[in-house]
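Chain naming follows the written order as A, B and C, and within any one chain the residues start at number 1.
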Amino acid sequence: MNFLNKVLTIVWKDVLAELRTKEMFSSMLVFAVLLLVIFNFSFELRIENVAEVAPGVLWVTFAFAGTLELNRSLSLEMDEGCLDGLLLAPMERTAIYFGKMLGNLIFISAIEALMLPIFSALFDLNLIQPALLLTIFLGTLGFAVVGTLLSAMAVNTRAREVMLPVLLFPIILPVVISAVEVTAGILDGLPLGDLVHWLRFLIGFDIIFLVVCYMTFDYVVES
Amino acid sequence: MDRGLRLEDLLNWLSGLTMMGALYLVFLYAPTEATMGHLQRIFYFHVSSAWVGFFAFFVTLVASVAYLRGREHHWDIVAFSSVEIGLTFTAMAVITGSIWAKPTWNAWWPWHQEPRLILVTILLLIYLSYLILRAFLGEEERRARFAAVYGIVAFASVPFTFWSVRWWQRLHPVVFERQGTHLTPSMLATFLFCLLAFTILYFTLLLHRSRLAKLADEVAGLKKRLRLGEGG
Amino acid sequence: MIQIQDLVKAFGHNYALRGVDLEVAEGEFLTIVGPNGAGKTTLLRILATLLKPTKGLVRIDGLDLVSEGREIRRRIGFVSHRPLLYGDLTAEENLYFYGRLYDVQPLEERVEMLLNLVGLEGRRHDPARTLSLGMQHRLSIARAIVHDPSLLLLDEPYTGLDQQAMEMLRQLLQEIGQGSHTVVMTTHNLERGLELCDRVAVLTEGRIVHQAEKACLTLTDLQQAYWRHVEEQIDKGAR
């Protein structure tokens, strides 16, 4: 359980730092709302279109805001050389992975929680449903699992902000497809039985990539 | 040195001969397909290219794992050489797929009718990203390490991408389905021979590209020694 | 305490360390001096388990560096020229964070003691980014010794400090050095380097070229030896 302690310590640190400045949070929120506005005008969203476009708009917004968060989270460690501090500690390197991953998951979920009521109001749809929330959680988990690993790599390259989406988006496409399909299905009122295979798919993705990513994280952070 | 040269010669000759054989089979031996006519012949090259692309990325996976275990430089060379070759063949698959699609669906990029086009495009993007990642990393050891990790993660995503695109396509069916092509025995034989020829070509290209990369490394090392000798 | 035999570190074709042999006894304060690019930071980072050796043997406190890294990390503290502090966390919270990572018990008392030791008890509730560079360095040292390591590694700790900050740092290191801690410090400031140490080693071009007990050495002696060796290496390189 010492491992869990170390993981939670890292999460505590990230949450504390963010609560102090609220930098990441506010920029993500502003960005997400901006995206909504842009989509509104690009698609000329009127009530008739809304149900069709909503799932896609939702997930594109989450994905881009999430990328912002991932970049910020690892940048903080790298910029002050703090990653060394973590590497010096007598713990398994995978504790760093799980700590950062949980932190990312918490922050992205927090923004999603804020955006959902705004989306619901703007689109005049009920987005606060248990099945939908589960899907959002599973999708965000997949995003955080892969994103934490890839952001650790991207942050070391010369073009870090561009590198992360380039690396991440092709890999998590299955998550986006599944999430959009389930979201659309739920909003269309499809029975859950029809959608359950997508959810199983998401769970499979999350589990497999959790294993792949935590096993390879060591190779990314070592020197 | 002698033994290495012989392998290269052997592969060169083998791929030359098998490719010529494949061309003969595809254009002269295989019968013309009933519904699509001569256009269908591109199918042999399209599928073979896609197969080589996929196989190349599998080789990258194996080389990436091997590199992380042993940190031997030649595995890194195999990994990225395979990506380059894989990308080339995947691009060929996309182009031939598009050529096939246009007369069939009257569209260069029929998303709904040919989900495989989407899958192949994603593959292209993933492995382009691999090369971009390498391009933006200066330090040798880190570049090889990161590329190896990405090679593993990228390949792991392929089955998921395949299935999600498949299911997505089934949800958005088109009014009429493409009629399945039935392969006569001679067509099947041509097809299999094509696959073989392309696979041999892949290994030949891999050998050449790896050799080239090794030589480039040696030149870089020599340049460095020269520079350090002159400076100091 | 530390045994290094024939340590080689290569980054691709670039050899940062070309066969270093060094021994540091327990409780000793060793200063390593050398010009930029000599390999001082590389050597220290290897000792801190942040880098792996390409070849050679390194033992710290009897433990092998490559296979028992985790256990070694429990016994070492590392101060780099970057403070390794989280700017948005207060001084106190930074120490709590690292204390938890090192399983320090009892934590509150230890943090209290450290803040007093480095003279920052008045700024404990201030975010680390509001502290001056000198204060950040002092906090960084507190961070490095939060778990009372037997070996302290300092990489150019005087870099970027003004005279007053340097003096405070010197006093702090003196206090720490007087204890049972083993200290290895790198610097290219010969004067500061000689002040507190028991022994000096000169590192250039990836090799230790000179070692001397401080008792047998004055500053002038050191300067002469240093420049002689450094010039020798430069000449060798030119040929």
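Keep this in mind: a contact is a pair of C-beta atoms (placed from the backbone, for glycine too) under 8 Å apart; a residue touches a chain by one contact, two chains touch by 3 or more.
Nothing here was measured: the structure is a model prediction, and the numbers come from that model.
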Arrangement of touching chains [line / ring / star / complete / other]: complete
Comparison of A-B and B-C by number of C-beta pairs in contact, larger one: A-B
Identifier of the chain whose CA centre is least distant from the whole-structure CA centre: A
Inter-centroid spacing, subunit C versus subunit A (mean Cα positions, whole Å): 39
Distance between the centres, which are taken as Cα means, of subunit B and subunit A, whole angstrom: 31
Rounded Å distance between subunit B and subunit C, as computed from the means of their C-alpha atoms: 50
Contacting residues of subunit A [partner subunit C, same complex]: 2, 5-6, 9, 12-13, 16-18, 20-21, 76, 80-82, 84-92, 222-223
In the complex with subunit C, residue positions of subunit B that touch it: 139-141, 220-221, 224, 228, 231-232
In the complex with subunit B, residue positions of subunit C that touch it: 11-13, 234, 236-239
Subunit C residues touching subunit A - in the complex, by the definition given at the top: 45, 48-52, 70-71, 73-74, 76, 78, 80, 82-89, 93, 97-98, 100-103, 127, 143
Of subunit B, residues touching subunit A in the complex: 68, 122, 125-126, 129, 132-133, 136-138, 142, 145-146, 148-150, 152-154, 156-157, 160-161, 163-165, 167-168, 171
